[in-house]
Every structure is written in C-alpha cells, then in structure tokens.
Amino acid sequence: MDLAHTPQEEEFRARLREWLGEALPTLPPKPSPDDWPGRRAYDLGWQRRLYDAGYGDVHWGASPSIRLIFLEETEKAGAPYVGAGFVGLLHAGPTIAAEGTPEQRARWLPPILRGDEVWCQGFSEPDAGSDLAALRTRARRDGDDYVVSGSKIWTSHAEVADWCELLVRTDPEAGKHRGITWLAMPMDAPGITVRPLRTLAGSAEFAEMFLDEVRVPVANRVGDENDGWRVTMVTLSFERGTAFVGEVVACRRVLRELAAEAHKNGRWDDPVLRRRLGRLNAEFRALWRLTQWNVSEAELTGGVPGVGGSVFKLRYSHARQELYDAAADVLGPDSLDLDRPWVLDRLSSLSYTIAAGTSQIQRNIVAERILGLPKGR
Amino acid sequence: MRFQLTDDQRALRDGVRELLTRRFGAEALRAAAEPADEPGRLDRALWRELGEAGFFALRLPEADGGVGLGLPEAVLAFEEAGRALLPGPLVATHLAAGEVPGAATGEVVVAAVGNGLVEWLAEADVVRGDATGAVPLRSVDPLTPLHRVPVASDADPVAVLLTAAEQLGGATRACELAVQHARTREQFGQPIGAFQAIKHLCAEMLVRTETARAAVYAAAVTADPADIDTARLLADEAAVRGARDCLQVHGGMGFTWEFEVHLHLKRAWVRTHRTVDATESEERLAAALLAESR
Amino acid sequence: MDLAHTPQEEEFRARLREWLGEALPTLPPKPSPDDWPGRRAYDLGWQRRLYDAGYGDVHWGASPSIRLIFLEETEKAGAPYVGAGFVGLLHAGPTIAAEGTPEQRARWLPPILRGDEVWCQGFSEPDAGSDLAALRTRARRDGDDYVVSGSKIWTSHAEVADWCELLVRTDPEAGKHRGITWLAMPMDAPGITVRPLRTLAGSAEFAEMFLDEVRVPVANRVGDENDGWRVTMVTLSFERGTAFVGEVVACRRVLRELAAEAHKNGRWDDPVLRRRLGRLNAEFRALWRLTQWNVSEAELTGGVPGVGGSVFKLRYSHARQELYDAAADVLGPDSLDLDRPWVLDRLSSLSYTIAAGTSQIQRNIVAERILGLPKGR
Amino acid sequence: MRFQLTDDQRALRDGVRELLTRRFGAEALRAAAEPADEPGRLDRALWRELGEAGFFALRLPEADGGVGLGLPEAVLAFEEAGRALLPGPLVATHLAAGEVPGAATGEVVVAAVGNGLVEWLAEADVVRGDATGAVPLRSVDPLTPLHRVPVASDADPVAVLLTAAEQLGGATRACELAVQHARTREQFGQPIGAFQAIKHLCAEMLVRTETARAAVYAAAVTADPADIDTARLLADEAAVRGARDCLQVHGGMGFTWEFEVHLHLKRAWVRTHRTVDATESEERLAAALLAESR
C-alpha cells in the first residue's frame, strides 16, 4: 500500500509540468460560452497541441496512473480540459478502439487524437432516460444503409459535431436490451435537425436532435447488428476510474478560495461555517484518496474499471452540491448574483445527481452488483 | 503508485481475522456482553495470545523483539479488531509497546487517559497520563468500562488513526450484517433487500465505508496530520451511521440485546470520544484550508 | 383558523389542573422498572384514581380537544401516563367498544376503565413484522373453543396481563389479509409461555410469547371469523391523532433542560450546538402545531383519524432521535454514562423509526394513500 | 380550538388561486421567464388587478377602504402567490398599504430595503428604507430583479411571516409537480412513482410541507415572534429542499429552462435572504429555550 509514483511516472509529471508552463501562456483567449465554432476551434486546437507534444492519446493508451497525473497536472496548471473533444476522446473513441474493425479504427481514431473531428453522443431520448435501453429511435435496413428516424436529447456539442455515436433500435421485436445497434452517424447527413436545449443555468450546453429518415451506411456500424447494448456498456464504463480527477482537484481549489473569501468578508468568524468548510476539506481529501484507490485497482486489473466508479460518483455528486451550497453561505446575499464566482457552478452542480445515471440508479447498481442484493419483483 | 493492499498485507489481515474469529467470534461476543458474566473483566489469556501474535509489537523494530512493520499494517490489524468488537485498551497497550515493559508481549495491560475518559482503568496494570480524580461511570458500552477524569491528555495522532481504523472495521461489519439480513429476511413475499428503500440504505452504507477506507489507509501511508483528521471524521461517520442503518434494516430484531448491532453502535460512540473532539479535527482542517490559500 | 379552546374546554383544563395539584402529591413512590407487579399496581392505581375523579374514559369518550388538553396537562404536571393500561385503554378497549357485542363490552370495558385488568397485545410475530398480515399463529375450531398455537413477539406487559388481544390465522387457505381473526385470550389459560425480551437499552420492556394449544372460547372472538384484519385496522388507527401529545410536551421540556445544562457546562458558547438547539426548538414547536392541526381535523371529521398520523409519526420519530443526539453533544463524554439523564432515552429513541411501522413503511403509506402514487409491481 | 381553515378562508384561498391561475398560469410564467421578454418588467395591469381583488388592502380596516381581514387570510393569499410564483414586491407593497398612498389599490408599486438586498428597485414607485448606494446585480432568479445595498433594514415580523407563507406555497407546488410527474412518467415499464426511491422522496416532501404548514398557520394565528421564527425555518427548508427533490424526481427534464421547477428553487433562494438571516432565527429560538428554562 503506497501512494508514491514510480520514477518514470514522476519524470512524466515533471516533463508535463514543464511543457504546460511553456504551452499555456501561448493559448489564445478563451471563447465565450455561446460561441460554438469558437469553442470547437479552441478545444480542438488544444488537443492538437497535446497531440504534437506526445500527449494526444493520454486518455487511451496510457496507464491509469499516467492518466491520473495528466489530469491532476493539467487541472492544477489551469489548462483546458477535453471540451468539445469529450465524446470522441472518452466515449466514441474508446468504443471504436475496442470494438471497431481495422478500417473503422483507421478512419475515425486519428482525427479524434489529432483534434480534427468532433463527436457528439446520441444515446438518451425523451422517453429513455434512466431506462436507456427503452430507446425507440428506429433504424431499418435499406440496401447498404440504415434509415434512421427518432429523436435524441442531451446531445452536447451537436451544433459543431462531425460525427454522432448513435444508439438505434434495429429489432423492435427483440427484448429491450437486444435489438440495439451502435452507429457512427455523419452529422452532415440530410434529415438531422439540431435544436439547442437551454438548461436551468441559462446556457444552451445541450441540444435536442431530431432524425427524419437519416441514411447511415451499414459500414458505419460498430459491432454486430443488435449487439449495441454490449458495445455501449464498454463505452459507459471506460472512463469511470479517472472520470472526475480534474474535478476533484478543482473542487479542492474552490474550497481554498472559499476559505480565503470567508476570511476576507468576515464570515470565517462563524464557527458553523468554518467547521463546515473543515468537513468539506475532509470530504474532498477523502474523495481524492478514493480516486487514487480506484486508479490503483484499475492498474492492477489491467485497466478494466470496476463498479467502484458508482461508489465514487454517488459520494462525489452529493459532495459537489454541498460544496456549492457552502459557497452560497460564504457569499451570503451575493449568492443571488450570477456575476459572482461559484453561483453558476452551484446551478450546474444540480445536474450531478441526475446526469450519467441518477443517484437512485447508482444506488441500485451498488446494491445489486457490488452487494449482491436481489432485484425487486 | 500501488494504493492497494500487498499480498503480505492481505495475509496479515486474514491472519488477524482468523485469530479473532476463532478466539472472539459471535458467540464469545454475545457471552461477553451478558451482564451476568462479570462485566468489565478482561480476558488475560486472549490478551497474551494477541501479544504472541504480535498485535502490540507490530510496529516495534525487529531488533527490539518487534514485528518491524508499519502504520499500514497496524491499521489493518486494528480494523479487524473493530470488526470483531474486540474489547480492551488495545490502542493504549499498542502505543505502550517498547515503552512500558511487558506491553509488547501482552503480559501487561496498559490503559491511557484520553479526552476526559479512561477506558479499562480498573483492569489495567499500568495507566499512562494523569488519572487523578478518576470516577467510574456506568458505561453505555457493556464491553468498555469507563472512568471520567477531570483533565484531558493530548492525543497521539497514531491513537487517532488507530481509533479510526477500528471505526472502519465496525462500519464494514455493520454493512455486512445489514446486507446478510437484507438478503435472507423475507417480508411481503420477497427478501427485504429487493425493496429499494433497504437496497439504498445498504448502498449508502457501503459508500460511506469505502470512502472512509480510502481515507484511513491513505493516512496510514502518509501519517500526515490532515490525513489523520480526515480519516477520523470519515470513519466516525461511517461507523455511527452504519450501525444505526444496520439497526434500521434489522427492524425489531436489531433492537434486541442478543443481536450484536447495538454493541457496534455503543462502541462507535465510545470511540468518537476517545481522542480529540471531532470539532477540533474540523477546525484544524478548516485552518489548513486557509493556510493553503495563502 | 384559531388555536383558542372553548370556555368549556378551558374549564376542563382548570378543573383538571386543580385536581392534579391535589392528587399527585399523594401518589405512592414509583416502582423500579424491573418490578412488574409493582408497576402493574402503580399504573392501575392511577387509572382507578382517574376513574373515580371522572377522567377514566378520557381516551375514549372525550373529544379530541379534551384528550389533547388532558394529555398536555398530565404530562406538564408530571403525572403517570397509561403505563400497563396502554393496550387496554388505547388498543383493545377501543376495538371492543367499536366492534364488540353488548355482552363483550359489558364484560371487558368496565375493568379496563376502572383499572382492574391489564391487556397486552399479541400481534407481531418473528416472521411478521412490517408485514403484519403474514402472521402464522394458527387457530383451529374445536367445539366452542379455538385452539391456538404459534409465537408472538414485542408483547409488552405480558408478564402481568390478564388478557391478550390476539391476532390468529383461522383460514390458512384464504388470501393473506383474509383468514385472520381477533381474539381476547385469557392470559391464565394453559399453554402460554412468556419469556422476557431484553432490548438494546438493557431493559426487559417486552416479551416473547409462545402458545401451545391454548384454548380460547369462541365467545371471546370480537368481530366475525376471518374479519380480524379489518377489526385490527380500526384499532391501529384509533390513537393516531393524539398518540404523541404527551411525548411532544415532554420533548419540549427536555429541550429546555438541555439549554440549561449546556449553559451550565459551558457548551452553550458553541454556536454550532446553540443553533442546533434553536432549530430543534422550531422542530418541536412545529410538531406541537401539527398535533393541534390533526386534532382539530379529527374533531371536524367526527373523531375519525386520517392518514395524517403517518406524516406526524415520520417527522416526530426522526426529530426525537435528533433531540437525543443533540443531548449527547450537550453532555460530551458524559453521554457515555447511563446514569446521566437522556442517555437511556437516547437508546430507546432508536426504536421510534422502527416500532409501530418503520419509517420505510410509513413513507409507503404517505406516498400511496395520501399522494396516490401507485404500488410497485 | 378549530385549527383548520374556515369556509370563508377556504373561499378566499380558492378565489386567489383562481385569479392567479387565470392571470398568471403556467404559460404566463414560462413567458415571463423568457429572457427575450424584457426581464425585470412588472405587469402593472396585473398589479392593479391584485389591488382591486384586495390583495394589498387585505388587512386594512374596512373603514379605511380595506378588506378588514387578518394575518391568517394574508398568509393564505401569500401562500397562493408563492404557489403561482407571482413576481413583484408583493410583501413590501402589502405592508405599505395604508401607509403609502396608492399601495393598497395596486396603483403604486412599493419596494423595500431588506437584508442587504432590494427586490424590484428599478420598477418601484416608492422605496422604503435606505437604498443609498444600491448596485444592481445579475439576479439568479429571472423573475426577481435585485439590487445590493450596504445597509440592512430591520425586518418587520409580518414580512418574515408572509415570506414564509410564500415558501410554503412554493413547497406545496413542488410536491404537487413531483407527484404528478411520478404518476405519469414511465421508465422500466412502470410509472416511476411505483419505485420506492421516488415514492419516499415524494413522501418526505409532503411531510416537510405539512409540518411547515402547521407552523406557518399557527404563527398567523398567534403572531408570536417565536412562532414566526419557527414558521420561517420550517418553510425555508420545505421550499428549498422541496424544489431540489422535485428537480431530482424530474431527472433531465427538471434540468431544462422550460420546466418551472428551477424557478421555484431560485425564488426559494431569494426568499431565504429577504428578511433576517436564518442563523438569527435559530439564535433567537435558542435564547427563548434558555429563557423558558429559568
């Protein structure tokens, strides 16, 4: 049981740090959140920089420890995260790498790694949220194409994506988890309508996507027809181990800033608030240790992520909400001002117990898959 | 980074668990909690056996007759002690090994003045700290006799950590017991563990336990004061809430004296008072934030 | 909407107060908790005093408002509560009054009201707790008797009871809620074994009861054969409106004592503890208002208690546990001393989220019967 | 004791609800929250209609042209306003009726300096309190424009109570919305309300709401300061947690701008800051305990 990295890993960290120190000052200014083409260019540009410096495949090829160090250091240095590259680097890419044909890998992977193409995700539907396998977007075979109709929701970066990893139903007669197929849909195909979806934080971070007889070549299918559920599960579990490394580092920074702000505005003198921040310090220190524990486990089991990701996600999403509630108490009435730091983050923290599996679903997973409790009738 | 148990550590943990299951299993625990059974007496034979197994001398250098292991191994051993609800001034005696003759081998039982309390004062051969004015109280934990003392001793951080390890063991056990019951107890025609209300209680128990585990093990590796404060806060929470949720899952059965969960809850309460106040840990962790922000 | 009592009610309160002022100083000393015959005599003696003074039927005949005032004033004056009379006065008695024949009412009710006879309750079984209707204690008809075998648990006062309100299964073939019958079992019948059941608080407040071919006359059946579930539901809902009046009054007194103790031992200077006590003050003030609300509702609907009792019980049982957790923080290390006030109460508060319907069951009731949410499949 | 709504009170509540449903229903709410739609503008016609309906003059004596009712009736009206998420400085204008000419009839809009904040400053015809140095902020609630002011005004206890009544209305609405969704939304082949996890969330929302209701109505009857502090603490909790649980029950849909639950949450946050700090209410209730114990 130890927490020290190997000399090679520490060397990786030192090199990365040095490179970040040189690269970050040369970054262009960050585009505004509503400037989608600008954000695409910015995020892909950064990915290209990483690629050129030899860090392009850190989310894939590297060991969990290296990935941990990469995410820790980039967050600490204030570097951009994957941004528009998210689905390509962390969902679609790994799926294609694991399940695609050599031709598919050659076609799709290099542009992801080089920061040339953006992917978005077409999984959730209005009537298939927690119950993702109930999806109804229909694909029927017509010659060498699938013809796809239906609607998807919570698609991020859809406005500027080149490709969409799409789950469709190819066999409506089969059981709910069978009959699903994974397709790579070109976003310039006729019949796709994208409509921005405004969230409670006021931003249009997501989109709805309506598909009307969209033709997708059969050659774009990854995995077998009707085997898409299994293919998807690979995708969904891929990033579990290190998914929140950067965020935990960021939350710990926010905590320090909260202490400084409370000290400045006088609320530090209230022991109720102070001890609450102390407890949150414990909380996020522990979450960092849990991350290290999960990463080490993934490393020992050859990178296969366990269900431990659900344990982490449950605890973390609630801790994040508590963090921003504490931030509101540090701010007092200023917590009602969207121009103050942390106020928008408080709003977006509300999605953490919902997105990527609600806390209720996560508790089912933990209870059934880790603890072996029976499914209800 | 290999923040996972080594094979040796796993073997050590299994060895301690085997010893405790054999020598202080469920039946022995129940018997010890019987008020008829001379409460407050320590099983000296078991104590010596623990000594022989190296429980107290675990961290003493081999040159001094110890086992020569470190804090991580001690934490694993104390976690097992917590899991088994092993009675006695384990932390005090362990810390006395190498300083108080006979402590390391289990021949001498050592008590220590804690945060206004002394555990096992009457049974101890040696008492460390100022126990002047000690007054016995009627302990809520039938397996931990207590005296109240007017002064508090400064807490050794290792005592805080080993106590957290015991809490972790108790939390682990409470979760196991709850899951076991939820799998087998049937009401309304199915195991109660099939109901989401029970399922989610158990899931949260596991989440608290595993988060505390990461914190306790990390503190054992680093021995960093902030890590130790973190470990104690998380482990206290996992132990106390775990025992309460375990009780809730067991319904009426959990409310009987015969079923061990109340002993876990009571011991968890005792351990929260053993070293520094939780509020002090919170304040130190808050102060650390402020210091780091500068 | 008002909180004022009628002049008649206030006159009742004044008379009661005066009477309590005279009666209480003449009470014999309280017997020790383990002295069962002593407790029986003490509790029945008090009931007899109430009866002689015209308060014997206050739990039954009186309006909810009068009952509220009675419970409030007796608790404030420190008078004994029903004690060993609990099941007779609040469960079995009301059931017999509502469902019994004239002969049954004449036989059993006067001794309950006069404090002559003690009843205990034989409902729960080791395998029928939350799922009470799964009870398996079997009764077969043999001439003019039922012959009863099985086991019961959580029977309080069984050692000194004259009668037991017993639920038995008379038709094992019928659906779970059918085939149950309500019997009054004489506790001196041959075949009854009572074994004390020690709780985690260390006391033998409850008992297990084993029934081996116990003969109960058919004439002791209240309601029809196989109609016992309906009969029982009447019993269980009877006391909902005012069940916890005395306890809420007592909890508010405990809160004041905690404030005084904290002030004395210096912990009052800790704002965390102080504000927690302030919040608990709000909590129990609100629970008192909720009681008044429920009582007024019961009065308007002719005394029929609604499901609002589940709302109250849910909130109250958790509040009570929080109260005694706060007490432990007021005491500090002394909270580990059973000889200190509140420490035993803290232990018994643990049963509140379990007994008489766990919080989980209560939430089902609230969700399904008040909110109309569907039953799970 | 008849601690239940009278028939007149029920009629008043239904009347206000009917008016608000007609004039500020779900569609109007959605439209008002559209940022395109000139945020921060008050619907003066609706304001006068409220005035005509007696919303502001409710507690003024009939001799002064008022409705001559009391705090309980005002609380019921404000509960409905909270339920409908009616925008505007309702409490300030209601409190100004009889003191500021035109307030009672809804012709004059009155804002008031609160606990370091002023709501609707720019739209108000009259501002009570010292708004010197007011700085606009970008309000988290799209339906409540806010200014920050350096000084806080002492809070009128009636303002605290009426704010609590609004919170109660918001909590009630959040519970209704959650239940409605849980009954109709299907996942895994059944309405999600059939799952215990959702069922129990909804049950706890109701418990919080009904407990807060008893506290708010009682404070309206007694106007006792401790009752008012109690009402505000319980109602704040019911409103904030209710909106959050409602959001959780709705899953992704709750996270969209179109669905009204976020507006309830944001307004609930605004209301928690309108009058005295919650910590002050807690301190006063603690002090009351100590005073009563003597």
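By written order: A, B, C and D. Residues from 1 in each chain.
Criterion: contacts are C-beta pairs under 8 Å (C-beta built on N, C-alpha and C of every residue); 3 or more make two chains touch, one makes a residue touch a chain.
All values derive from a computational prediction rather than experimental measurement.
Shared contact partners of chain A and chain B are C, D. Each step here moves to a touching chain, and the least such steps from chain B to chain D number 1. Averaging C-alpha coordinates per chain places the centre of chain B 37 Å away from that of chain C.
Taking each chain's centre as the average of its CA atoms, chain C and chain D sit 38 Å apart.
Centroids built from CA atoms put chain C at 53 Å from chain A. Within chain C, the positions touching two or more other chains are listed as 270-272, 275, 360, 363, 376-377.
Counting partner chains per residue, chain D shows two or more touched chains at residues 195-198, 200, 279. Those residues of chain A that touch chain B in the shared complex are 1-6, 9, 65, 68, 255-260, 263, 268, 271, 274-275, 277-279, 281-283, 285-287, 289-290, 292-293, 295-297, 299-300, 308, 311, 314-315, 360, 362-364, 366-368, 370-377. Within the complex formed with chain B, the chain D residues making contact are 195-197, 200. Across the complex, chain D meets chain C through its residues 1-6, 9, 72, 179, 182-183, 189-191, 193-196, 198-200, 202-204, 206-207, 210-215, 217-218, 220-222, 226-227, 229-230, 233-234, 279, 281-290, 292-294.
Chain D contributes residues 35, 115-117, 137-142, 146, 148, 186-188, 192, 195, 197-198, 244, 247-248, 251-258, 262, 265, 269-270, 273, 279 to its touches with chain A in the complex. Those residues of chain A that touch chain D in the complex are listed here as 124, 127, 129-131, 134, 153-154, 197-200, 202, 270, 272, 328, 332-340, 343, 347, 350-351, 353-355, 358-360, 363.
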